[in-house]
Every structure is written in C-alpha cells, then in structure tokens.
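Labels for the chains are A, B, C, D, E and F, by order of writing; each one numbers its residues from 1.
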Amino acid sequence: MSQHGTEPSYVFTEKQVAEKSGLARHFLDTRTRLNENVTKADNFLVKRFYNLDHNAYLEGALPAKYKEMMGLVASACLRCDDCLNYHVIQSYRLGVTRAEQEEAINVALIVGGSIVIPHLRRAYELLTELYA
Amino acid sequence: MSQHGTEPSYVFTEKQVAEKSGLARHFLDTRTRLNENVTKADNFLVKRFYNLDHNAYLEGALPAKYKEMMGLVASACLRCDDCLNYHVIQSYRLGVTRAEQEEAINVALIVGGSIVIPHLRRAYELLTELYA
Amino acid sequence: MSQHGTEPSYVFTEKQVAEKSGLARHFLDTRTRLNENVTKADNFLVKRFYNLDHNAYLEGALPAKYKEMMGLVASACLRCDDCLNYHVIQSYRLGVTRAEQEEAINVALIVGGSIVIPHLRRAYELLTELYA
Amino acid sequence: MSQHGTEPSYVFTEKQVAEKSGLARHFLDTRTRLNENVTKADNFLVKRFYNLDHNAYLEGALPAKYKEMMGLVASACLRCDDCLNYHVIQSYRLGVTRAEQEEAINVALIVGGSIVIPHLRRAYELLTELYA
Amino acid sequence: MSQHGTEPSYVFTEKQVAEKSGLARHFLDTRTRLNENVTKADNFLVKRFYNLDHNAYLEGALPAKYKEMMGLVASACLRCDDCLNYHVIQSYRLGVTRAEQEEAINVALIVGGSIVIPHLRRAYELLTELYA
Amino acid sequence: MSQHGTEPSYVFTEKQVAEKSGLARHFLDTRTRLNENVTKADNFLVKRFYNLDHNAYLEGALPAKYKEMMGLVASACLRCDDCLNYHVIQSYRLGVTRAEQEEAINVALIVGGSIVIPHLRRAYELLTELYA
C-alpha cells in the first residue's frame, strides 16, 4: 500500500528518547521484542493493518504532531497504557511541549472521567522523565 | 471557578450552523431542550463539571480548534453520536476544514476499529451538510 | 435456581410509574414487547441469566434500593440508556428520592466523564417527569 | 489491495433478506444511504479500512460463517446495534441456523453481562423476522 | 472550590489499612509516589478535577459508604484494578462489611459479565487480606 | 444448575499446556491461586455465574472450539489479557490451529482497532510458545 501523506520530521530519535527516560526505554524494548513475534508470523491482515496505522499519523491536512496527540487522547480515553506511552513518546519526538501534552491529557480526563486518573498518573511519570 | 485560558474566536455562530444544516439544528435544539432540565435542577456537582468541561476546550497551550478535534476523536472512539456531533459542529465553527475533520475521524477509525464505522457514517452525513 | 435474598417492597407499581411518566411508559412498553420474543425463544442460558440478574438486586446484605442505584451508576458509566432508564425507574419504585438519584448520577459523571453527559441529560428528563 | 481468502457463498441475497424482514430492510436501506456520503468523500484511509474490513470475513483458515458470528459476538459485547444487525444478517445469508445465532449471542451475554441485554432483545426481534 | 457535603467518619485510617494488608500497602504506596508527580505539575484543570472527584464521595443525600460502593461497582464494570482497589479500601475504611462488598461486586459481575472476573479475583484477594 | 450441552473433548490437558509454555503456566498458576479465594468465599451468585460461564462454551448447536474462539474475539475486543490468554489456551486444547487463531484475532483487530494491538502482541507471544 502506498503512503498517503509524508513522513514527519522528528526532533528526537527513539534512541535518544530511550537514553533520556528509563520508562520509555523499558516500553520501547518490550514493544520491539514482542513485535518480533508478530513480524515472524507474517500475517497478511496484520501487516496491512500496521501499514494503515502508520498512514493515519503522517503529515497531511493536519500536522503530524496534532494527530499524535489525538492518538494520545484516544489512548487515554480507551485506557491503554501501552498506547498512551507510545503517543506521549511520539509527541515528544515531534517537539510537542509538556504544557501541550498536559492539555491533551486534560481533554481525555474530562471526556473519560476519573477512570482515566491511574493512566494520567503513569503518563505524568513518563512526562517527568522525558521533560527533565 | 475562574477560567484558565481564553474563549476561542468562532467563525460561525450556533445559529448560522443551525441554519445551514438540518442535522445540526435538530441536534442543537434537542440538546438545548434537555439541558433546560439540567439547569433547573441546579445540581452543585453537575454545574462544576460543566464549568470544567468548558475550561478544557479554551485557547491555551494548544489552539482551541485542535482541542475540539481531540474531543471529536475521543467521542468517536468512545462511540457517542451526541458528543461526536457536538465536536464536529464546534470544529466547524472554529474554521476547521472538512479535510482536517476527516483526518481526525481517521485517527479514531484506526484506534477504535470498525465498530466506529456506523458513527463515521453519521458524522459524514453531518459533514456533508455543513460543508455543502 | 432458588432465590438468594428476598423480594424488595416497592412503593410504586410499574403501572403507577407508567401513568405518571410518558417516558417511563414508552420505555416499559417497548421493553415488554421486545421481551416477548425473548420469552418465546425459551433459550436455556438466557433464562438462567435473567434469573441471576433478578437475584443480584434482591434485599440482602445491602438494601435493594442501594443495589438498584449501583446498577444505575454502572449503566450510566457503561452508557446504556435502556439500562439507565430501568434502574432510575426501579430506584423510584423503591422510594429513592430525587436528590439521592442525582448523587448516584454524579458518581457516574465523575467516574465516567463528559461522555456520560448525553445520558445524564436524558436521565434528568425522566427524573423531571417521575418526581413532578 | 489484493484479497486474502475467497468470497463466501451466500444462501440468500441482501435483497431476499430485505424482502423477508422489515427490520433488516430498514437497516440495509439506511446503511446504503449513509454509505453514499462516505463513498462520495473518497477518503484514502477510509477506503483502505473498508477493504481490510471486507478481507477479515472471507473464507480462509476459518469458514466465513464462523467469522461472521465472531463479528456478531464482538458487536454485541461492544454494544453496537448497527454492527450486530449487520452480522446477524450476514450470518443468516451464510446459512447459519437460529440456534447457532442464539449460542453466539449467549457467548456475548456471558462475556459482556446484562448491559448486553437491550441489544440481545433487539437482535431477537430481528431473528424472529428472519427465521419466521 | 467549596465543598458540598461533609467529610465521612472513617473507622480505619489509611495507615491501619496498610498495616493490615500487603496488597493495600503496595497499592497505596504506589499511588502516593505517582501522585507526587501530578502534584508537582500543579496543572489547573487536574487540580479542579481531583477536587470535584473528592466532592462526589462526601456524605450528602446518600451516605458516603454507599457512594464508595457505587464507585466500586463503576470501577469493576469499567475494569480498572487501581480504581477498584481504591474503592474496596475506602469502603473498608467506612465500616462496610465483607458481605456488603461481595454484593456490590456481584452487581458489577452481572452488569459487566465474565470480563469482570479477573478483576473480581484480584478484589477477592484484597478482601481476604482486609477482612482476615 | 444442570448442564446444557456436553463437555468438549480436549486434545491437550491443562498440565500439558503448562509444560509446553512458560507463559501459559504462569497464567494458569496465578488463576488457580486467585480462584482459591473465590472458592473459599462460597458466594451464591458468583458460583451461579461461574456455572453459567461454563455452560456457555459447551458443545451445542455450535462446536465448542468455535465458541472458544468467539470468547477469544470478545476478550481481545474488550481488551482483557487474562481472558484472552484463557481462550487462546482453551482453543489450543481443542485442536484449533495457529492459522485459525490468527484469523480470529484478526476479526478482533478489525472490529476493535489499533487499541487491540498491545494485546495482539502478547497473544502472539503465547501462540509462539504453544505452537512451537
């Protein structure tokens, strides 16, 4: 499948993020290790879905950084720590400030309610390491 | 509670939206009618929550229009037509283009899956009327 | 399956509720009509589930009225209007006051967030008719 | 995107289903009407997602009829009437019996709880028309 | 924001709970540590939300202990272990009996289905330590 | 409660599964340990629910293996790792092939979206051990 949109310009590499934050490193390492099983399985539909998932966050009508924060809000509302970590890291890599990340999390907190708080707490721990 | 952030500048009034789209008018009229019962009840905590909800979408570190689209993505992922209608309308009132709205909905579709499609279909009907 | 707990004492019959509120009547009539298909189907597991569902709200260690309000909070958080209507009506039938119902809804609003608001609005419409 | 798997053999056409059941006809007509807006919009990512969605239910390692019933269970658990209607109809078109559909719904009822019941009631109404 | 309602009278302090149960101690310690990052961030909207959250469980028209159990049911239905732990502990601190907690969990089990069971199992482990 | 349907014929015992996969062993051991508290509590409604849950997956109009995979899809869509592990193991014990399990997971991925991916990754790790 061809791409729709262009690759965003990252301010930081994944490696730089992993060096800065132990929480990010642990998350990224686990994700890489688990994705190896998925890659080996070489499932047609999973590969297509991963491709589509990649396409959804490219630079397009909306800047990539806002789409990453939309992914962040969706992840927080649906309460998935892995997804939330991922989008916090991607937003950071695209130059999003901490104040911007907190406002995005606030939208998720208001829409999703106090059930979001345990995830907010863990996200703030990651934010604290990334923006130290 | 004081405000944190400033009121956004709307390109269109609610009245203009209601004149342009029958779907929007029906949604806004029903919402107004039902909110009257809530207003009459004058419940302390509900009023505080409404106030906080208002605060979450003001101009701040993030432009209001992106926060409305974050609300849109959250609403679509959590599959609430009323909330989705509301944020589509608010985004339109803040000058968001149709292409931008579609990309925001795409993030929700990828994160939330095919269960989002019936809501996407109804959102596209509203988009079609608003951007006619 | 035998019962565990005792039947609660209702202050109002379903018929009295239906006479007082048009919204309640419409809900109860639709529910009765649809349940006829379920009854006719006579599915073993569905019948057992309905029986268990009935048992969960009997007078026991907790008074039935608080269990109905717990069902109300769960229904509002999981955002099911039919379930919410049902537990608002059951709570009303057990003598719960409007102030008590509003506080229960507030717990759901805080836990579940603004996505609960459209359901809260419709619940307030029903409360307004029931407690007129 | 190429297909992965083969098209299933339907016992009934959509037209036959629509002639047999008023509920199915209303659902299918609304779906067709709303999909027209989506088709006109011609959004790259939405088209790709629809294509992938189609692929997921083809004959493959698993017979299509069981995948439709898996979609049915997912729809009931996630409580989407439109999706549930769709998979009940597709299962019917593939020759699934009423007893099989009821057992699939039972899995959803047990996994998803009483919050599924309002959707089960409406599904039984559709089943009653389809299998009359 | 002023309070609406009065602080409940706890039978046990958090410290007593932490001394009685290792699971409770681990949960409370982690929560305290993570909340420190949130407190330091001093985010306007988060502070307001925490305040509102506190207000929702005060003694009011409904006794605080029933509101804690409503929070427990909501947490179990929405399947958040942290929230569930919190409300089990708060209910215990307010003198709720084990039999009452089990009945509240039963409402969540019936409404939310078997997907609640893994959380029920972990809640029972905490109950076993608290009521030893 | 009597049974409705017959016990399925397992190809592998739980013990054999635990010997083959460390992940399965850890899951099964934890589940057994936690269930002991639930068994000791001897709660009327919980026992009835467990019984009903058992009934839902027996051989009936639908073969047990397809019902286990329906439970798998529901668990993945509702994003419960414990439930997903359980149904992957049960499906394996009933002779389901890896290709069949992957197709079932694909239905969940399409219906539930990218929020399912972290659970898919962990499920693939378990599949890799089971089908080694």
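Criterion: a residue touches a chain if its C-beta (ideal position, glycine included) is under 8 Å from a C-beta of that chain, and two chains touch if they have at least 3 such contacts.
Given the structure is predicted, the values throughout are model-derived calculations rather than measurements.
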{"item": "Chains touching both chain C and chain D, listed by label", "value": "A, B, E, F"}
{"item": "For chain B and chain D, chains touching each", "value": "A, C, E, F"}
{"item": "Cα-superposition angle relating the copies chain E and chain A, to nearest 5°", "value": "120"}
{"item": "Chain whose average C-alpha position is farthest from chain C's own", "value": "A"}
{"item": "Centroid comparison with chain B (C-alpha atoms), farthest chain", "value": "F"}
{"item": "Gap in Å, rounded to a whole number, between the CA centres of chain F and chain D", "value": "24"}
{"item": "Inter-chain centre distance, chain B versus chain F - centres from mean C-alpha coordinates, in Å", "value": "40"}
{"item": "Intercentroid distance (Cα basis), chain F paired with chain C, Å", "value": "32"}
{"item": "Multi-partner residues of chain D (at least 2 other chains)", "value": "45, 49, 52-53, 56, 74-75, 77-78, 83, 102, 106, 109-112, 114-115"}
{"item": "Chain contact topology (line, ring, star, complete or other)", "value": "complete"}
{"item": "Parts of chain E lying in touch with chain F, wherever the complex brings them together", "value": "79, 102, 106, 109-110, 114-115, 117-118, 120-122, 124-125, 127-128"}
{"item": "Chain D - residues contacting chain A, complex", "value": "1, 4, 44-45, 48-49, 52, 55-56"}
{"item": "Residue ranges of chain A in contact with chain F within the complex", "value": "31, 34-35, 37-38, 40-41, 43, 45-46, 49, 53, 74-75, 78, 80, 82-83"}
{"item": "Interface residues, chain C side, partner chain E - complex", "value": "52-53, 56-57, 60-62, 66-67, 69-71, 73-75, 77-78, 83, 97, 99-100, 102-104, 106-112"}
{"item": "Residue ranges of chain C touching chain A (in the complex, touch as defined)", "value": "77, 109-116"}
